[in-house]
Amino acid sequence: MPDKPSRRDGRRRDQLRALRITPGWQPSAEGSALIEMGHTVVLCAASVEEQAPAWRRGRGAGWVTAEYDMLPRATASRRARDREAGRIASRSQEIQRLIGRSLRAATDLPALGERTVHLDCDVLQADGGTRTAAITGAYVALRQALAGLVNDGKIGRIPLRCAVAAVSVGLRDGSLLLDLDYAEDAAADADFNIVLTDAGDVVEIQATAEGAPFGRERVGEALALAARGMEPLFAAQRAARR
Amino acid sequence: MPDKPSRRDGRRRDQLRALRITPGWQPSAEGSALIEMGHTVVLCAASVEEQAPAWRRGRGAGWVTAEYDMLPRATASRRARDREAGRIASRSQEIQRLIGRSLRAATDLPALGERTVHLDCDVLQADGGTRTAAITGAYVALRQALAGLVNDGKIGRIPLRCAVAAVSVGLRDGSLLLDLDYAEDAAADADFNIVLTDAGDVVEIQATAEGAPFGRERVGEALALAARGMEPLFAAQRAARR
Amino acid sequence: MPDKPSRRDGRRRDQLRALRITPGWQPSAEGSALIEMGHTVVLCAASVEEQAPAWRRGRGAGWVTAEYDMLPRATASRRARDREAGRIASRSQEIQRLIGRSLRAATDLPALGERTVHLDCDVLQADGGTRTAAITGAYVALRQALAGLVNDGKIGRIPLRCAVAAVSVGLRDGSLLLDLDYAEDAAADADFNIVLTDAGDVVEIQATAEGAPFGRERVGEALALAARGMEPLFAAQRAARR
Amino acid sequence: MPDKPSRRDGRRRDQLRALRITPGWQPSAEGSALIEMGHTVVLCAASVEEQAPAWRRGRGAGWVTAEYDMLPRATASRRARDREAGRIASRSQEIQRLIGRSLRAATDLPALGERTVHLDCDVLQADGGTRTAAITGAYVALRQALAGLVNDGKIGRIPLRCAVAAVSVGLRDGSLLLDLDYAEDAAADADFNIVLTDAGDVVEIQATAEGAPFGRERVGEALALAARGMEPLFAAQRAARR
Amino acid sequence: MPDKPSRRDGRRRDQLRALRITPGWQPSAEGSALIEMGHTVVLCAASVEEQAPAWRRGRGAGWVTAEYDMLPRATASRRARDREAGRIASRSQEIQRLIGRSLRAATDLPALGERTVHLDCDVLQADGGTRTAAITGAYVALRQALAGLVNDGKIGRIPLRCAVAAVSVGLRDGSLLLDLDYAEDAAADADFNIVLTDAGDVVEIQATAEGAPFGRERVGEALALAARGMEPLFAAQRAARR
Amino acid sequence: MPDKPSRRDGRRRDQLRALRITPGWQPSAEGSALIEMGHTVVLCAASVEEQAPAWRRGRGAGWVTAEYDMLPRATASRRARDREAGRIASRSQEIQRLIGRSLRAATDLPALGERTVHLDCDVLQADGGTRTAAITGAYVALRQALAGLVNDGKIGRIPLRCAVAAVSVGLRDGSLLLDLDYAEDAAADADFNIVLTDAGDVVEIQATAEGAPFGRERVGEALALAARGMEPLFAAQRAARR
């Protein structure tokens, strides 16, 4: 993979967009973080409920769940609110299930105890990669909320087994690009969403051929690119702990 | 009304909370403003659609409509999203109808032409006075969007007849207080929401006895307090024009 | 305000339409009243439930709540039922919240005990002023239901602190008119809905500029007109007690 | 069938309850009738729309459709409105389909022309037999609306082929009873709803064993009882024409 | 009734279509049956829940309830799923209420004990007579599930009082035809759905004039035709017991 | 990967379950197939609509879309129908989006012309792998429907670029297993759903760590296992063409 700039915004193929994580942005929540990746901005909040969901009670373990939504004018043209249709958009459903699974994979649910953590990920501005930004930001909000439980003496240690973060990779004209913005995503031949731990292990990978099906070897290459490219995300998550 | 501090946060009875309006906060929209009044934060976006609503077409006039919602964790405890219930909360319905009426009162609808402006007011943090902050902020977003139409040569002048802003007034232990925060609002005996023009005329007034009914003369006093107290709001709206 | 007739139907500016209240119209209910104001006809029923709403239990106090709806052919053209859309019309939501607040303001909720009174206000014919007629009629149904609780020995006295009634006032061509019918309402420059106690105190006031914003002094004038004009409503409520 | 009184309210087995039909009760509608059968009261309105339903257009024929609902406090205990659940109660669905089919059977749809008549049947008080009262009353409202079309010169004659009316029959302890009230209905072993023309022909019959299945010969007996017992219904429909 | 073939498919007027019942088709259910009548195919499943419905608890008796639905492409043109509209089609509501009533009539609910049996009737292919096929097949599924309860020692005997089956009868050009297929049903002047016990008693009869109202004597004739024609249905139900 | 049997049902790690595809099972549809993989049974139907979806019109290209649902008693315990909740289960949403994307990847949409093919995948019995079976079966139904368009002379050739099929792979105790049944799936540490073309290229891959995150090299191994194991699926698809 060459190092020379090759993208509309001057980034190298393996370069993330400008990243900023502001922890505690929504002070009414037990945990929160505003994550900005380029022009994508997601507000993540963690709310702790002192009981497990009804269907999990009595097992001595907790649960982590997520909701994902977008403000109507986060996008270039206005999008109607889900409440108008009386149902959650299927794309949002799919994304929030992914966020929930990803963060549960990082959490030691028995150590959390019979509690539920609700992760609300609301996209304030959308320029591609909102689901991966939401995962990276939700981890910060989750950790802040869990640290609060430790501070309050409710649990003895932060019940996390690893950090998780996520990034997109795209395939275009035979090349793999890290962290697509909206215009790049719309033009990609294939789209990968990759969720890894800070040890480089796989939490989730979803790859879809948008145009022609692609060779199986591409999957391993995309994983390697993501693993290398996500280092700054884990560093920013650590910096947000203070 | 005495000038000595008499409120939990040290404000005088006729004093607004700290105010900041950031125009253009959501750059994907034709107009936008983030309004902060104390700990209340509302993001207002204006979207221009190049046609009137179906039921208004062919009259040569435009329309202004509003939607109001709150992020789940804008409040001290988490509130479920409307989409879960499949219906808009009745409180939100009532508020967004008020916002829409208020901004239409300021707009020269025939001069707008057959267009619809959608005003999205999303509460990011709630500490009382979200509906009045939304009206004040929505005016800034609306003006920015209309100025854009003038810049694009679509209309010859900004089709606004006046500025509108809003504030709450509360009655407590016989005294009227300007711009209640959440704790003050919860303890008030009566609650006024007042929408005025920058000429001091009435766009809308809603007054409700939360406890005992109150004397009719209170209504005039509350209007006078609001008219005086709203000066900084109109000044901040003007400053946001740049 | 001159006394000479100045309205399409020959009424003076400060004159109510023909009024009739028939208590006990719906005998299956604990309380009921059919109220007719001109061609507006609303059936009000009060149902007593022997527990407080779930969110109020254990406080030793009761609750009063209202629902408002309209038969499809109460109006000049047929209007689809809310159940078709699967959601309550936002106008109805707003009105039923107003009715509930108004009647709660009259009720001594602790003296009611842990009970809920449901007030159903169904418009059988609509010619303007349905929300104010509903409030005036609902008071009669509520009082009848509460008197029944006394008769049954469940409570010692009727837990009402005052009577409440409501009327609309309109501003047209600079003049204020009492109790608008539909045609007058459609032509008004501003519209006031005023809920008062029989002592003349304010329970709720809502004023909206339909056309141009109006001077603040108009609010006090409208209140005075309503206070004077509502005497026959309180008299009819008293006559309905028998 | 003996003539001596045998029922709680002193009626003979083949005797209808007290019947009153008030045509034109809801003057805003093209046709309307309030029908009272004992303590059952149903308001029927007919609304004419000057086009056929979308799925019937271009066939040169009209359509008749019905909706059925009940006020929340028409019954001894309060029943939640359908709009709360966001769906029409299945019992109401079934009844309104029956009303629609019954009135279409009486109507000459091609002679009606490409129009839709909406029949709204709203139960104000319910004491058994609401669906059959609705059919009998809806016929009066329909005829009034159709006569209006003739008066307006839109059609040359009233496009009805016959009158239709309906009544219930119940089987109890081996005897058949005409026109059940609520208490009789709840105690019946089988329940018949019978819709006939004024010529005595069958439009619809529904018979259900509530308890044990019953002999086939009962069906013919119930039809004969209904045919004889419905004479006063057709007479009242004719009297309501004036 | 002549014996010579008189129908498009060569059947005699009193002849059923080719019938096959395959019990146990859906092995995950406590009881199931695939019923084929000509080209109509319905899959019926019985599920036993070890409690009565909430509104029936504490009476020492059970309940039987049914749901009816159709695969989108069971019919000649594709039909949208009910979940798209968010409500059950009114036709399906009506049919599933009929199925539930019919099977409850056959069941000794006190002997069933505080259990609920859910009968799911899903039409895989539709060629007329789906509701009657569903009743006939649901009986087989129900009996299999109840026999399972006996085998498991939960109840001492199968709590059924009789067998029930159903068939349609149509009136066309003055003749009555047994077991209509879709084309015959569409052309019929009147349509009967008849549910009988194996002793020939009536569980339910519904008769509707699709065209002109018909003579009352037709009802008895249709019942007699159905009673004679349903023998093979009861025989197939018995054969399915093995 | 050893060849000796290592699974509860005696299968080798790389062995599919018993497979049967019955094309044309639902004759009312343009294309259909019943696919059985072990105890999983899915009925797939293809319906051709002679226009593109509204949002795609005028581009000269077609569309392929899918719906996925499950009969209530396809599973060991009964599951409520989506229509009860008035919304599509989020799991079904996610699966039907996957099916639609997968089949579109195989289709030459411009060559299809402005048509929509609806693929209905209804699970009659569920024992794991329902989404992958649905993709494999939907391809057969789609091809049959497209061949019908060629037969009818509407298009010149079958607009498919390749065949697609799908299979699951699971990771358990460090080993990868092909085509999990329900019990294996519930016990797996990670779950892969892999959609490939008959040329071995990737259409979609989704991999989720259900327990601990797993090494990145596993993804390539799972792809290789799927590619090898899917040969019989493509063979069965070809055999179903006849």
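Letters are used for the chains, namely A, B, C, D, E and F, taken in the order the chains are written, and counting of residues starts over at 1 for each.
Methods note: contacts are C-beta pairs under 8 Å (C-beta built on N, C-alpha and C of every residue); 3 or more make two chains touch, one makes a residue touch a chain.
Note that the structure is a prediction, hence the values are computed from the model and not measured.
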{"item": "Number of steps on the shortest touching-chain route linking subunit C and subunit E", "value": "2"}
{"item": "Distance from the mean Cα position of subunit F to that of subunit E, given in whole angstrom", "value": "34"}
{"item": "Approximate Å spacing (C-alpha centroids) for the pair subunit B, subunit D", "value": "52"}
{"item": "Set of subunit D residues in contact with two or more other chains", "value": "86-88"}
{"item": "Arrangement of touching chains [line / ring / star / complete / other]", "value": "ring"}
{"item": "Subunit A to subunit F touching residues, read off their complex", "value": "86-88, 90, 93-94, 97, 101, 105, 161-162, 190, 196-197, 199-209, 212-220, 223-224, 227"}
{"item": "In the complex, subunit C residues that touch subunit D", "value": "26-29, 32, 39, 43, 45, 47, 49, 67, 69, 71-78, 81-83, 86-88, 118, 120, 122, 124-126"}
